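Both of the next two complexes hold chain A, though its partner changes from chain B to chain C.
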Partner chain A sequence: MSEYTLKLRRYSPESGDPAFWEEFKVDLDGHRSVLDGILQAKDREDGSIGIRCSCRAAICGSCGVKINGRPGLACHMHLEEAQRRADQNGGVITVEPMGNMPVLKDLIVDMDAVHWKKVQRVTPWLIPEGEHPEREYIVAKEAMVDVTQSMACIQCGACVSDCLSMEVDPLFVGPAALAKAYRFVGDPRDGQQFERLKDLSEDPHGIYDCTHCFNCIEACPKGVAPMSQIMRLRRIAGSDHGIDDRNNGHRHEKAFVKNIEKNGLLHEADLLPDSYGGKFHPRAVPELLASLPVALKGLQRGKITPKKALLHAHKAPKDVKRIFERVHSQQKRYELNLYVSGKDEDLPGGEEMQDVNQGAQAHGTPASSSAERSPNQA
Partner chain B sequence: MPAHDVLIIGAGLAGQRAALAAAGAGASVAIMSKVHPVRSHSNAAAGGINAALNVDDSWESHAYDTVKGSDYLGDQDAIEIMCREAPGEVLWLEHQGVTFHRNDEGKLGTRAFGGASAARTYYVADITGQALLHVLYEQLMKNHETVDRYEEWFVTAVVQDEAGEACGAIARNIRDGSMELFAAKSVILASGGAGQAFKPTTNALICTGDGIAQAYRIGAPLMDMEMIQYHPTTLAGNGILITEGARGEGAHLYNAQGERFMEKYAPNKLELASRDVVSRSEQTEINEGRGFDDGTVALDITKVPRKRTLEALREIVNIGRDFAGVDITREPIHIKPGCHYIMGGVKTDVWGATSIDGLYAAGEVACVSVHGGNRLGANSLLDTLIFGRRSGEHAAERARGMAMPRPAESSLAAEQKMIDEIIRRERGVGRRVSEIKDELGTMMNEKCAVFRDQAGLTEAHEMIRRLKEESLHAYIDDRGTVFNQDVLGAIELGYMLDCAEAIVMGALERKESRGAQFRLDFPERNDGEWLKHIVISQANGDGTDVPEVSYSEVTMTQWEPQERTY
Partner chain C sequence: MKVAYWPGCVSRGFTPELHGSMAKVAPMLDIELIELDRACCTGAGVIAEHNQELADTLNARTFALAQQEMANGAHMMMNICSTCQGAQSECQERLDANSEYREHVNESLAPEGLRYEHGIQNKHFLWLMVEEIGLDIIASKVVRPLTDLRVGPFYGCYIVRPTDRVGIDDQHPRDRYLQMLIETLGGTVVDYAGAYKCCGFPIITMNKEASLKQAGRHLGDAADADADCLVTPCPLCHLNLDLQQPMAEKAVGRELNLPVLHLPQLVGLAFGLEPKELGMNKHVVKPTTVIDWSTSVVGRVGASVGARAAS
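Here is the complex of A and B:
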């Protein structure tokens, strides 16, 4: 048994007082969870502490909170680990409600107003084509394993809590709902793949609203890797279905890749016009005009020079070209998936993969490896 | 007053399945739960769902395994229905979108499970319950026009009309503390088990026997309550579950001396004997000094190829790492038997109908009885879905053509008063609610566990009566209305105490050893005297707490009791 101090953010909407911090001392083994700590404080000292919780085993998704400022499940963080992290900045374990959602009381947020509304946005049910077969749908084993990663989502909201895009654009469909969307897009039984992708590509708050910040991947306690699912939605929408969305999302991605292939490093002055079809494309003109103030400010502050902007001399080195050639020569696209564990270690060549997995686990990210992407392609 | 043809209390698999069935039959439906539906405890059923769907398997074989697993206490008519309808149900789930594991041909693939004579467990990695629950919730969202969802509403009582028929319920909106009276032509209880009456338990904090107690309090009899399943593989201390799927995939059990002890107790099925048999074997090893110092034995999953473990048992890899600090793909993990499931519950017929007209029960809250003395692994998901659907259909049928009842407003006032009274209790006069709950759970896990005897059970019963007294004055801290979880905890304590008393009374009454009930003072099964259900009900029917014991026949169709070996 050791003593830990938990600093909880308290808020009661009935009191009329603003939120405040309150410290509780708890006495538990270090391998017990932060939730166990909060429940001890609730049981022994103050039954009015509000927190949703149920399974205590990271499967029900109730107890999403921020511990020491990082989102996660309270039942999924050991006290000693939380303390170790807290020591790096002040010494007391802090627990507060998740972000991006209104607080209802203490550690309880309004999931309905944000999270569930967004889930409902993606038409979250299977829409098979035609009548179902008499027995089961025959689908590739790999396809079902593939969507299992997004089925593993427990809707805890940790990814929503720290989504930077949602902070800027509250209407962004967001990581959890888009991971849910992949669960249908990747499911070979669904008959609406194109329609779903078209919808989510054209939506200005859809798949191209993600800025690749990786926060959702870090936040997810179940290894769902929502951002990876969003990128897969983009690849299937853009590369497989050729959906050129009105947000210029897909064109921007293509321009980005072309830009790097040509220059080896990003030449921003080309990126913007290329994303709109080139400097002289009618679509690009208003965009370029609109970005003039930003460009002028950059010039003024010396962040860009006319020479750099207009005469970009840098050419991609051979190694970059080689990477592009190698990628372009692949017949199949390979995707990362948590539930496909790669080669068996008993087989030759298995050790390497296993080391990759262990390395990944040591850094707190789920083990994953490349897996052939098969659904919907057949 | 909100009014619906069918009101469902509880939104786990049984409740959601009932809602979809009732809505499909044309009824207006409300489904209500004290937590958001996807937080329900059905999540925890990791391993899979049984069905004789393979051409070389048969429902009779599944039914026989279930009958034998139940130690012949299960009602065979109900078991036949469940096993016969299982293949259709699994296919229905597949069509709704469940991402079941496939074999190399792309067809549904199976894994082996305890007590089964064929590999007939269909699964989604080791998140089967979660996958099913989330897919059914997808369907609820799809059917939002016919199914109203009341999420985070806490039911305090089922309401009856003057003739004694169920006609609605009273619930508290957890978000703002307001109370509402709901009218309904049929009411289905689907609010799960009562594992929180034990400590530790694999059950979620929400499994507090609400529905069992609510039905019991208005006169519905409870059956097989003494049959508490101890799961063979739970973590010491926090009671977290390691799925039976681990043994299904080939994991072994060892005592501290490195002996694969199941060879002694179940030479044929070994680790895949029925759960009661495996738990008893483990507890015997531990009691006789062959366990580890922390009162456990070892589960060795390294026997399963690592790739397979990472693919099919991913969740327990996480659980081992996060909750025990063990890499199960590299080393054995220490486990012990732990409270897991209640085979008993509100007595129903094969349509989920209780003895109270208009009141149905399905899932763990109910006792049909398909599990009898011991439930087979992967039969619980099946039970929730089959009897959830059947009760949904029947409840909708009953509602057809019936006028909407108007439950008396006075019942609402009475419940409001009950809650106000709890909130008003003076602090420091009695005990804390949490303290009583803790004492109850610890005691139940000591006196009413794998091995039981007259002295321990008698002591337990006396203790429960005392705790019931104390609970009447137990105080809470929260005086608020928004998310006052404290006051709900006080109500839940009452539910758990009612369940615990019925459990202990059943265990005291059954003077034999059958299924999950092992009496040290009556170590043999005694078919002559005890091949019958024990029924506990409130004798007075006027709200006073006077439990009474009676019996009910076991329905036999084609399987005569035999000696049970694995």
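Here is the complex of A and C:
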């Protein structure tokens, strides 16, 4: 048994008092969870501590909280691990309610007011079209494997808690609900793919409101990667259904891709007008006028020069253009989802991954076995 | 140390002072920059959003070009743009994880005789400084310590998330490197809410209000924590935080006037380079709280409030 200190954020709206931090000492083995710690404090010291929980096995999704400032499940974090992370900044394990949702009491947030409302908004059920089959629907295995990642969601709200778009735009449909939307968009039995995507593209707080910050990918205890699902929704809405939304989401994507195909490097001066449909498009004019002060300031400081803005100094090399043509001419997009495919089994595990991805090797030290295989290691 | 250097697009477009200051600082750190001038844009996540294979192939091409330089003596590949680093790491993760997929992508490169081999080392300048050069060496080159300069780190998203993809672990606390570097250069780290948040740039054309509110909020949080400036390893963050700062001020309804420095600029200042050499005159928000332009003395000239009022 070891002693751990848990610093809990306490708040009782009906008391009229502001929120405060309170420390509790708990006596448990390090492999027990933070939730076990909270429940011991509740049992032994203060029965009024508010925490929602049920399965204690990372399945029910009830005990979403922030531990040391990061969202996750209280039952899914060992005390020793929480302590180790706390040691890196401050020393005491802090537990507070999730963000972006109103606090009901202590560690309990109002999931109804934010999370469940948004899930309802994406019509989270199957709407098949045409004659119902006599027996069950027959679906290709790959098609169902494709949606398993979004089906792994346990609705804990960890991704909602730290969504940085929702922080400034509370109406944003958000990561959990949009991952749920993909679960049905990706389901071959559903007959409303276009309608669903049209709806979520045109909504000013829909799929194009995601700012691509990866916080939801980082937060999810189940590997759902909501942001990746949002990108797939965009891909299908734009490329497969050609939905040009009022938010200029798809136009921006097309403008960006065209820009790189032509110039090789991003030519910023073209990107802005093209994202609104072109310099002379009625949609673009007010936007360009609004950004005029910014452009003038840039000119004044020599950040933007007329020459740079008007001339296209770069041209994409021929082989870059050829890559664009080759990939675009394929009938089907080749998408590799590592959640489904996994990584090559022949990778010799930790050592190589560290070597490759983290560049752990100080330069000058002898190459490891994996590096020796690569002819391009200096 | 020779590196295959990918400057990115924006560092040669709307933030030319980034590429310029990097070129000034590199020789002082004995870094030889071999520019990958045939490489193309990483896609900044947008091309991957459009078509994953296209983004993976374009970046595999860049990696292959870098590997040619590495066969000729470059130690690794280096970025100065967080977004490039993150976008490339994402593609590399897929390319390295699956040999069948890698072969498929390599087929597209074959006509030019290019080929991506598993496992390129590709580091952002920030990582390279801490892991390859070492903070002790950097400290030894400081001739003008940033004494009393209060600097807020602004990492942005692509260089800190997802942690496993960008290689953050106990041995490589890459999410602390900016703080470590600021202290090494003699400055004071400002702790504020926005250090790891999103600048809002990716949605500037889709939801301008939300985008500018993000930038404005983080700048405001840093100003409230009494920062003299922010430093960022990402030129796209710089666009939203500096170029768009007048608009962000309107979005959040307050005056901000907070200078934002590129990473090599901060290093260059401490190494004794002049602000103008580092292109700091090209910023929209004049770095007057960082520099007393009359004497080029780094540090807070009086209280930051006083300096701001004077500017």
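As a convention for this text, the second predicted complex is superposed on the first by the 288 of 378 C-alpha atoms of A that agree within 3 Å, B and C clash if a C-alpha of one lies under 4 Å from a C-alpha of the other, contacts with A are read in each partner's own complex, and residues count from 1 in each chain.
Rule of thumb we're sticking to: a contact is a pair of C-beta atoms (placed from the backbone, for glycine too) under 8 Å apart; a residue touches a chain by one contact, two chains touch by 3 or more.
Computed from a predicted model, the values in this text were never measured in an experiment.
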| item | value |
| --- | --- |
| Touching partner for A:Arg234 - first (chain B), second (chain C), both, neither | second |
| Touched partner set for A:Asp87, first chain B, second chain C, both or neither | neither |
| Chain B versus chain C as contact partner of A:Asp27, first or second or both or neither | neither |
| Contacts of A:Glu195 with chain B and chain C, given as first, second, both or neither | neither |
| Which superposed partner A:Pro124 touches (first chain B, second chain C, both, neither) | first |
| Which superposed partner A:Cys55 touches (first chain B, second chain C, both, neither) | first |
| Residues of chain A that lie at the interface with chain B and also at the interface with chain C | 338, 341-344, 346, 357, 361 |
| Residue numbers on chain C that touch chain A, as the complex places them | 1, 9-10, 12-17, 38, 40-41, 43-54, 56-58, 61, 67, 70-71, 73-76, 86, 89, 92-94, 96-99, 101, 104, 108-109, 111-112, 114, 117-123, 127, 131-132, 157-158, 161-165, 167, 169, 171-173, 197-198, 200, 202-203, 205-207, 209-211, 213-214, 217, 243-244, 246-247, 281-284 |
| Chain A residues within the chain B interface of the complex | 12-14, 29, 31-32, 36, 42-44, 46-48, 50, 52-62, 76, 78, 104-106, 108, 111-112, 119-120, 124-126, 128, 132, 135-141, 143-145, 147-148, 151-155, 183-184, 187, 189, 338-346, 354, 357, 361, 367 |
| Sites on chain B touched by chain A in the complex | 35-36, 38-41, 43-44, 91, 94-97, 99-109, 124-125, 127, 130-131, 134-135, 138-139, 141-142, 151, 175, 204-206, 237-238, 240-241, 305-307, 310-311, 314-315, 318-319, 321-323, 325, 432-435, 438, 476-486, 489 |
| Chain A residues touching chain C - in the complex, by the definition given at the top | 88, 164-165, 167-169, 172, 204-205, 208-215, 217-218, 231, 234-235, 238-239, 247-249, 252-254, 256-257, 260, 264-268, 272, 275-276, 287, 291, 293-294, 297-298, 301-304, 308, 316-317, 319-320, 322-324, 326-328, 330, 333-336, 338, 341-344, 346-347, 352, 355-363, 370-371, 373-378 |
